[in-house]
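Below, chain A partners chain B and then partners chain C, in two separate complexes.
Then we have the complex of A and B:
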């Protein structure tokens, strides 16, 4: 036995090293994806007998207005969250200097990302609060009438997205600051000698070199937008009248809140969200795989 | 360097930049500054309508009140009970998986690697019902251990990506040389590779600490009461009880935010190295 192990250790070693981590990952992450897909074909309250109902949950989704509101808001999140990428780049460029105290500035700008979204959500709720919130007061001072952002169906989702952008911009900024550090100085000098500056320099010389940073920034922003749950839950619990729901929150509401324990229906919503996410994940993995081959 | 160093700009531009920096920072951190100020504002100020002027006195009592009138100490303890085992577990597991995927050529290597990466991107909701069910069946529902076990598993995905790329960048000749000497694979892992992984371990530890400390979704799905809930979920339920007591909500928020913030400032270099690994090649 010992001799066998010793002779084959290079063949066996990877599997032994992989086993504990892979086991955990399969049990808690990979298997539940398929279990959720299966549950979406059942009518189940989480406790009693699950009843097979085939595609009924999905048929119901097609006629569910709340589902479309959530879907629309998810698209809105995805589109507006992308603003974090140029905004983060802008702040990174602004801060990419070597003056006294700049390191402290950089870390303070990064601050919002370190704080929990629960705290961010509470901060912005306070910022938006009717009557005494700072933003409310500013709007009132300018227009003569304050706006209770989180109580207005028209504005609520934008208000929450703005709160989400705050930490997201900080994250993208850090990615770009590191990227800017690694831009080849000789290329910048060469471009300067050729008379490139400002926007031209940024567009033709700097941005192409920042592509790896941009890729990661887009990846984390897409994932962040589609995962948005905490802020919606903290700031409005989907309201007013469900107008700020997103798929991730609607799923939770259907499966685990006082509105009911509809595990099957919730799972169906989760499957739709997963399918949307899969489009992006496949794209990322495909690009990673290409890079891997070139390596 | 891009943009051109400000030292080469005109004196006016330099002065302008020095003025713009603090103004931009204050605007950027306005919500945070507001909350910090509210957290030391005496409740009499709020009653008198002084919401965002200077506090009439510095009331550290708000912080005392939060500890005295709410189970926040217990929430914070729970957060540590979830976060510390998760950091240890996820880092330990991913040291091994990352080593396996980086050092050995075997069939399915890339496929397994991509499974870890892809799994790490999935929306939590697709895992929610089965994970909750599994935790219930294991008898770990509403325990900090049940929450930590899930976090360990999920974070292993991200950590594996990170560790594998890190080990890949190490000089492979070290491992080859050890093999020629007849060192066993486990000893290569322990004595050759692991010591070199220290920066990666430090970076991942701070990152995972922050992620888990700040987690809210799984805390609400897998725990319920003050005896087990971490501070994020606790803060939310306190917010419900303290309707309009913004000085207490603010103090509670600051308390909840403090550990990851301290962690960030102590380990800044590692934290940023962790976030940006892969962003720059």
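Then we have the complex of A and C:
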């Protein structure tokens, strides 16, 4: 035994160091995923006897309007949240200058990311609020008829996404600012000597060097869009009449909220959300693995 | 721990001796969500009174945040049950009763003749012919209105629904919302629906509907929505109510922008905080729609239960009998500013809203608990969402009712 340990020290050490973290990861992350999958086959209110109903929860899901509304909103979130990447890049380039006081500007732009999502949600709720909200008042002054964004099923999801973009753009901006710090000055100089400037410089010289930053920005934005729970919960609780629900909120509503306690059905929604996330996560992991192998 | 008024020295001694004193005392653990100021004071008063009468029992209170309690109760009932817990009457307690988490307290009702004294709550506390808790307070719903606006527009307090709608036209002409509400949290709309349905189809029909015995596509349900449409179609209700909290709508009434508000009596405190007084705030019973239907009212009841895992059941039952008593209910409801459920109790006559409420509720032919307590939680949620959609898009009524009917067939099977 002793001899075996000694002989394989180098091979075993990383696993030993990983062991505590891996153990917790398995117990608190991996195992619950499979537990959720198991629960999704039951009809269970969290208190009484769980009844095995097979695929019934999924069958119901297929026929559930609220599920499709949530799914559609999730797709909207994914698509529009991506705006944070170019917007963050633009602001980062704008702020990447050496002007007196630029650090103060940078911190101001970063500020929205520091405040809690709950506060962001409350602030935007007041911004949109009928009668006294700033945006409502502006629209009323221009068109004569105010629009209560959060009470209007056509606009409500866009209103919440806009609120979510505010801190997300700041986050992406920071990622790009650190990326811009690492752009090699000699390459820029060389490009300049070759006559590149403006868009060409950005596209052919700067952006390729920002690829790691872009990759991280896309990853965090996709994840952020898919777990868009807190803003929905704070700003509308899924309303008006369920039109701003997203999958994560619908799952919470069905499984854990005051009128829910359908653990099985909630778990089924979670499994669907997990499947959607898996598509992206596998993509990201595959890309990372490929990059690592190349180097 | 319940605070006791003791002198400094006495307190110090009490602390030193508490170890031995506690050993002789039996403890009663009470989990409650009465964390708002008035309910908290009332609960402390109740416990002081109980401990004074039962010096050998020490009541330990775990106070929960009101909203958080709704989640917490599911955990502590199964994991670490107290001896007593607050909850609500009607269908709200059904899941706990069916899961065997509440103790049958029919014997407390029998021994103390509660079926007679608490007769108005008997139905809502009974499941499978047994009683599962004791009610200690309820409050009336009705229409609160701005008296100044009634004077300004020159209309009388209506007796019938038609008069009410006629008044609305005048309020509309004056640029005032006739009926205000803030439906961001959905439930305020359920109050309006309950009253419209109680007045259009009567108590028995309403109970059958919330029990899932009547299809939502029934013509009588449609008739209820037809009455609602009289408010919705001409724009007599506050616009954008889906983005408002119920307190925001109360502010509209205080500011003179809205005339009527279908609400529970707890709103009076909010109106008065906003500056309304007994002179400017009025209360009326929801007007008659179908002539001749016995008048039923909405009166949600708060209750105390013994969890199945309680350790000190004997004292818990003593506590329930105590809280059901007329004199105790009179005292704590005075602090609460609500109505006692014991019919031999009395209310504070100087409060016009409580007197009116007691009058309204005690002469009603039947008491509903409120839509989200009479209907099972899932149906309540779907229903209230439907009401919200209807008040914004009345032309979708048929689709909404079909959706609710689909839900009903699944939920009540």
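Observations on the structure shown:
FYI, the second predicted complex is superposed on the first by the 278 of 295 C-alpha atoms of A that agree within 3 Å, B and C clash if a C-alpha of one lies under 4 Å from a C-alpha of the other, contacts with A are read in each partner's own complex, and residues count from 1 in each chain.
The criterion applied here is as follows: contacts are C-beta pairs under 8 Å (C-beta built on N, C-alpha and C of every residue); 3 or more make two chains touch, one makes a residue touch a chain.
Computed from a predicted model, the values in this text were never measured in an experiment.
Of the two partner chains placed by the overlay, chain B and chain C both lie in contact with A:256. Of the two partner chains placed around the shared chain by superposition, neither chain B nor chain C is touched by A:196. Using the contact criterion defined above for the overlaid structures, shared-chain residue A:82 touches neither chain B nor chain C, since it reaches no partner.
In the superposed model, more residues of chain A are touched by B than by the other of chain B and chain C. In the superposition on chain A, A:151 makes contact with chain C only, while chain B stays out of contact range. Look at A:240: by the touch rule set out above, it reaches chain C but stays clear of chain B. With both structures placed on the common chain, the touch criterion links A:93 to chain B but leaves chain C unconnected. Once the two complexes are overlaid on the shared chain, A:267 sits against chain B while remaining clear of chain C. Once chain A of one complex is fitted onto chain A of the other, the partner contacts of A:207 are absent, as it touches neither chain B nor chain C.
Shared interface residues of chain A (contacting chain B in one complex, chain C in the other): 46, 129, 256. Residue ranges of chain A in contact with chain C, taken from their complex: 45-48, 60, 65, 128-131, 148-153, 236-237, 239-242, 253, 256, 258-262. Of all residues in chain A, those touching chain B in their complex are 6, 9-11, 13-15, 17-18, 20-22, 24-25, 27-33, 35-36, 39, 46, 93-94, 96-99, 102, 105, 107-112, 114-120, 122-124, 126-127, 129, 132, 134, 137, 166, 171, 174-175, 178-183, 185, 188, 197, 201-202, 205-206, 212-213, 215-217, 223, 226-227, 229-230, 233-234, 247-248, 251-252, 255-256, 263, 266-267, 269-271, 273-274, 277, 280-281, 284-285, 288-289, 292.
Taken together, the chain B residues at the contact with chain A in this complex read 1-7, 17-18, 20-21, 24-25, 28-32, 34-35, 38, 49, 51-52, 93-94, 96-97, 99-101, 103-104, 106, 109-110, 112, 114-119, 121-134, 149-150, 152-154, 156-157, 160, 184-186, 189, 210, 213-214, 216-217, 220-221, 232-233, 235-236, 239, 246, 249-250, 253, 256-257, 260-261, 264-265, 268, 272, 275-276, 278-281.
Residues of chain C touching chain A in their complex: 70-71, 74, 77-78, 95-96, 98-101, 183-186, 239-244, 248, 252, 372, 377-378, 380-381, 385-386, 388-389, 392, 403, 410.
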